[in-house]
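Both complexes shown next keep chain A, but they swap its partner, so chain B is in the first and chain C is in the second.
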Partner chain A sequence: MAEAEESPGDPGTASPRPLFAGLSDISISQDIPVEGEITIPIRSRIREFDSSTLNESVHSTIMRDLKAVGKKFMHVLYPRKSNTLLRDWDLWGPLILCVTLALMLQRDSADSEKDGGPQFAEVFVIVWFGAVTITLNSKLLGGNISFFQSLCVLGYCILPLTVAMLICRLVLLAGPGPINFMVRLFVVIVMFAWSIVASTAFLADSQPPNRRALAVYPVFLFYFVISWMILTFTPQ
Partner chain B sequence: MATTAAPAGGAQNGAGPEWGGFEENIQGGGSAVIDMENMDDTSGSSFEDMGELHQRLREEEVDADAAAAEEEDGEFLGMKGFKGQLSRQVADQMWQAGKRQASRAFSLYANIDILRPYFDVEPAQVRSRLLESMIPIKMVNFPQKIAGELYGPLMLVFTLVAILLHGMKTSDTIIREGTLMGTAIGTCFGYWLGVSSFIYFLAYLCNAQITMLQMLALLGYGLFGHCIVLFITYNIHLHALFYLFWLLVGGLSTMRMVAVLVSRTVGPTQRLLLCGTLAALHMLFLLYLHFAYHKVVEGILDTLEGPNIPPIQRVPRDIPAMLPAARLPTTMLNATAKAIAVTLQSH
Partner chain C sequence: MAAADELTFHEFEEATNLLAETPDAATTSRSDQPTSQGHVAVAVGSGDSYGAEDEVEEESDKAALLQEKQHQQQQPGFWTFSYYQSFFDVDTSQVLDRIKGSLLPRPGHNFVRHYLRNRPDLYGPFWICATLAFVLAVTGNLTLVLAQRRDPSIHYSPQFHKVTVAGISIYCYAWLVPLALWGFLRWRKGVRERVGPYTFLETVCVYGYSLFVFIPMVVLWLIPVPWLQWLFGALALGLSAAGLVFTLWPVVREDTRLVAAALLSTVVLLHALLAMGCKLYFFQSLPPEHVAPPHQAASLPTNIPLSPTLPRSMAPS
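Take a look at the complex of A and B:
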């Protein structure tokens, strides 16, 4: 810019021949005035970015997170080979699902004689420690997925089983009986298979190809235990 | 260092002709070669050098502080550019320091790479090891090979937990002071880790050649037989079937472990002690798992349960189905059921 202002008509005479002087002859035409800022406004851009998420209303923050969670739910319900769950992982969805499942599964009173179901904390601990164990196992087998990505995928794939729990509770309102049990068994088996297919679709690519079975087996056990808790739940 | 360059040059010229080659290298290169002349000059006075270095650093610090003070003064005077820069630099430094500390702590405690070699298996290997755990090999003069991996044993323990849960649910076991899941996990992991440690300790006493990892792997694969037996007999409730499987499948997996240990121990007394203990614990564990979580016979417990049940956590119910109900109170084999009966009789 300094050269253009100083010597608009005669580039190269104001200073002794610099190394790339020849370029100035062909770069800027003399008729067109060169204007504009030469400094890159990084500072103002950063300040703008900071305030944009800080000053927005709580409603828009929550809606944005809920939309992200909902989009991932859709990906779980219609599992394709995509890495949306892996790319922007979050743990809101697994938390919501785990809390919902634990609330629906818990016993009515702590002192009941018949073992109707597990306590809230039990379900919570099973889900989270099971997911951590599976993640550690897949990392030790040589998978290249990060810890939280795996937790995110396993947590989101509990969605079909939560839906199964809702359906089971509704079916149980109709009263116990063998037909009741067959319906619940069918629903739980279908949702169990759905969970496994969904989680395999997301996790399979991160394992070396000859060890996929070794990584999928603990996922199978994990969802089996959760399905078993759902199937044998009897309300008091 | 620039002040010492001139006398160094003099010293260099005074050197003999054998140093001519080095001279050329040093003078021509510059940055890539260590400046030998400076180091030569400071031989024996490295303390002075370090002292000089520290002094320079301290001066720089003082300068930086002065500059910072000036910047702060400028802040007070209302020059906003300096203030933003300073606060951002401070925040940046704090972030870097915090990140460094956190990553150091994380890499120290969460280093799972220690376990990585024990999980280096292929599915075909796991399958063949599962099948081999049921086949005892009669070679006792040469130590038998044990695969030192942890994937198979860990998965077998988790499978046993799942099967146990299934059994507990179908038998409607009541856990008074605990939870179903906690009991299952505690039982299975407690057996695997506890008995492995105990047998390893005995092996140490009996001078057997086995490491802790090998013991864990051996016992873990020995649980495969338990998994099969329990899976079948929790669903088909025939006592004769269970005893047959207990002897056959349980016996096979115990014989395999015993053969491996015998091949690694010298001396008949030691072999007897070690293998007898392992065989007893292994077979009794299968017996315990079956009878502790057995299918309930409805109605019997309703008559037995009273307000003051003796302080036991579980109420196992094993009533041989072939006895008629009238003879049950007198012919009960289960010790805990006897205790309940005694308590009720005393009221």
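Take a look at the complex of A and C:
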């Protein structure tokens, strides 16, 4: 390193010289060790990341999302107080569940217009607008959960009811009868309770304690309506 | 997070000043405040600062906080989220209290003054209407199921369209009728000197909470005994209409007798029409001996189709 030509680090004190005149000549004295490494590890990682998602196969892209969705399904089926659903929210799971439920619940086109179960669009509207309304209600009451986090939780907690729908359809294949009805009633009630427990495990903490019941009651109503649609489903 | 702390503290200061009593502010003793009253939620810790606190700061020096929250003359604009948040500023205990108050109306206790304390909320009316609509649809469906168990020739179907009908009719009733009532009362404001009309939200609140008593009534209508159904209907209608009348009475008392009587009877009549409409549309009484489709009143849009085949899955063996 070159020797300092003036007092180190102090270009302005030489009085007759203009300010900063010798700035370009400043060099670091050997008394002050300034050395090290400045590496930016992100840079190389970003390049790797970019190329990895661009060049990866479609299979791995889809599997990554499917694994995320599946992980959240597990969190719903075994509800503990964890933040995974809230932190990395996504709406793929709710969409898959809602479409499955609506496809299974819709009535045949041969049915008359007035009687019969809901149409596909009616189920879809009930699920999504119901979830949006509950989210708005929760936010208006002063909850500190974000809009999409709440939608994500409510959508994922439909999973037990979708399972109930599948079981009901299987049970209905066995033919009508009161035992048939009792089994379906039992299954729907259990899954309804499961949905409520799962969603309150995630949502209840976001509300102030004196309003928790006010925020949980619409969730109860929402899942009750969906359970009712599942229970009254009659294949034509 | 120094910035957020400063912001919170600043908001609290501002809010304390804004809660100061102005000479024109409504106190709890004076119950006739003709100006529209709103209230603001001093949600200091709520975490969303949507820039709503942009009112003109009151210059009053009487910064005494009363036991209940004071009303503020100016609210955040209707395009901000906080404006709507102020209508949901209720606790569970308050909502339950208001529901209890609507279930047991007393002649001296005005619902608005006594229970709402001039702080209407939208949570109660909205969710009571939603619950009532769904309970109507569900119990209507259940009635059909129970009727079919007695009389297997009736064709059962889920009849999902009833949910739509119930929802639309309940919400229209609970929001349009208060609108008309509020408009009418404001129009007649000139006749009354002392007592001002309620705000629109208070009227909606009164109607919404008065609909609560219909929920247990609808559930009890599952019992297929006709005279019992009419008894329950009359009881619930009486309670509900009494609540409405007791609330409206101080406001129309000053008006001419004709207008007061007409208004109150119209209110009661509309309420009765709602109850009767619900009964006739959702709970078509199907006597167990009859096989033919029931001959009901004229306004039934759905008829149960008579099909000789045994219906499936919901039928008993």
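As a working rule, the second predicted complex is superposed on the first by the 186 of 236 C-alpha atoms of A that agree within 3 Å, B and C clash if a C-alpha of one lies under 4 Å from a C-alpha of the other, contacts with A are read in each partner's own complex, and residues count from 1 in each chain.
We adopt the following convention: a contact is a pair of C-beta atoms (placed from the backbone, for glycine too) under 8 Å apart; a residue touches a chain by one contact, two chains touch by 3 or more.
Because the structure is predicted, anything quoted here is derived from the model rather than measured.
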item: Three-chain arrangement built on chain A, chain B and chain C clash or fit; value: clash
item: Touched partner set for A:180, first chain B, second chain C, both or neither; value: second
item: Which partner, chain B or chain C, touches more chain A residues; value: C
item: Which superposed partner A:100 touches (first chain B, second chain C, both, neither); value: neither
item: Chain B versus chain C as contact partner of A:146, first or second or both or neither; value: neither
item: Chain B and chain C contact sites that coincide on chain A, given as residue numbers; value: 113-115, 118-119, 122, 137, 139-142, 210-211, 213-214, 217-218, 221, 224-225, 228, 232
item: Contacting residues of chain B [partner chain A, same complex]; value: 84, 112, 115-116, 118-123, 126, 151, 154-155, 158-159, 161-162, 165-166, 169, 172-175, 179-182
item: Contact footprint of chain A on chain C as seen in their complex; value: 41, 43, 46-47, 81, 84-85, 87-93, 95, 123, 127, 130-131, 134, 138, 141, 155-161, 164, 301-302, 305, 311-317
item: Residues of chain A defined as touching chain C within the complex; value: 107, 111-119, 122, 137, 139-142, 144, 172, 176-178, 180-181, 210-214, 217-218, 221, 224-225, 228-229, 232-235
item: Contacting residues of chain A [partner chain B, same complex]; value: 43, 113-115, 118-119, 122, 126, 136-137, 139-142, 210-211, 213-214, 217-218, 221, 224-225, 228, 232
